[in-house]
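For reference, chains read A, B and C in written order, and residue numbers begin at 1 within each chain.
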Amino acid sequence: MASPAPDMAAPPYRIYQRVLDWLTAERLQLINISERINAVVRDSRIRNGLVHLQSLHTTTAVFLNEWQGALLDDMQTFLCGLVAQEHAWRHNDPEYSDCERKNADSHLRGMVMGQTLCLQVREGSVLLGTWQSIILAEFDGPRNRSIAVQVSGI
Amino acid sequence: MASPAPDMAAPPYRIYQRVLDWLTAERLQLINISERINAVVRDSRIRNGLVHLQSLHTTTAVFLNEWQGALLDDMQTFLCGLVAQEHAWRHNDPEYSDCERKNADSHLRGMVMGQTLCLQVREGSVLLGTWQSIILAEFDGPRNRSIAVQVSGI
Amino acid sequence: MASPAPDMAAPPYRIYQRVLDWLTAERLQLINISERINAVVRDSRIRNGLVHLQSLHTTTAVFLNEWQGALLDDMQTFLCGLVAQEHAWRHNDPEYSDCERKNADSHLRGMVMGQTLCLQVREGSVLLGTWQSIILAEFDGPRNRSIAVQVSGI
């Protein structure tokens, strides 16, 4: 079942680092970032290795799934149901917190979904299954958002 | 508390890539893939580094937990409760979507649980705690499924 | 938007491995481990690459979020609501399981939140956004807990 694949040695290990920025438009928004990530991988000229994405914001997430309009609606519905915005969160309560954004739900969504994603680089491209897109989730927009991208390998 | 460990240099960085396949049997199924992943690590002859797993399918997940029959039942119960199959998801509605599999729940479970997993390789084996197994979750089977495995290090 | 950054080659690829230990105090407890992880990165003298954290226990998690008292309360509230401790889980039922800890909820919280975290190392430090801390979640304490830390890069 294991498909044959080369055992690579030779070229020296390298690291290529960038920070990409987005200006988001909605409080809860899903953005397809696959093309911009793949452009960084291509620019790196690293052929095989890992590409690591780290959103620098606690009220965001990065994950893989299918980029289909109806499903994106379902993702938003699901995430809103998973963490209710209107619950009596302490982070939103001036008695316990100095946070003025009232964004406890945004933090909890970011906590569950995760702010990092590591993918394989194979033959100079990000490895993605047929239906996989890289999705940045904004949970507390509109905001300026940055993702640190690091390609490492040979 | 930090246990002493060597600081490794010397041998050249290498990458070893495979794709492993499974034929799943149920719509929702959990599969222990630890042994097959460890076999890839052994075949790679890489002694220390990372092994990265990436399921190539949006309606699957890869994660760590204990492989115990009663707990596997609980995982399935929990995941079915977390995302209801019978909800009026738009992805399942011909008015909004051309998806004929009616698998919005499968996508949302895959989204929450994640399709990638990165583990340490130490002394030629996958690092796993005493009770940790590597689990592939099928959320829309039966299907043929592939996981890209990449071992990198020295 | 992509900020310019160097393309690093030159020094040899290295790996630095440690295991860090904690004695937890509560059944459900959140611990800020950012400083101890950064100390390992500094000790490694690796300037750029990845730091990979793997908790060796199925009833724990490691993730990023803001370290703020009121929000930590909300995280605990959310995680307790997400997986009810008192549900009739099979893992807790002597008829199906020999587990005496009655900790199905701990396993399921660990399963959803994940036991691994991979972060970038840039210029000798763990990359963290302004509000990001590295949080170890204990879901079945008090216990002795270990996290394997591996820094790799150049």
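Heads up, the rule we're going with is that contacts are C-beta pairs under 8 Å (C-beta built on N, C-alpha and C of every residue); 3 or more make two chains touch, one makes a residue touch a chain.
Note that this is a predicted model, so its numbers are computed, not measured.
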Rotational angle, Cα trace of chain A fitted to chain B, multiple of 5°: 120
Fraction-based call for chain C against chain A, same above half, different below: different
Centroid spacing, where centroids are CA-atom means, of chain A and chain C in whole angstrom: 18
Residues of chain C engaged with two or more neighbouring chains: 12-13, 50, 82, 112, 114, 118
Parts of chain C lying in touch with chain A, wherever the complex brings them together: 1-3, 5-9, 12-13, 48-50, 63-66, 68-71, 73-75, 77-78, 82, 112-114, 117-120, 122, 127-132, 153-154
Sites on chain C touched by chain B in the complex: 12-22, 40, 44, 50, 52, 54-58, 82-83, 89-91, 93, 96-97, 99, 104, 107-108, 110-112, 114-116, 118, 146, 148, 150, 152
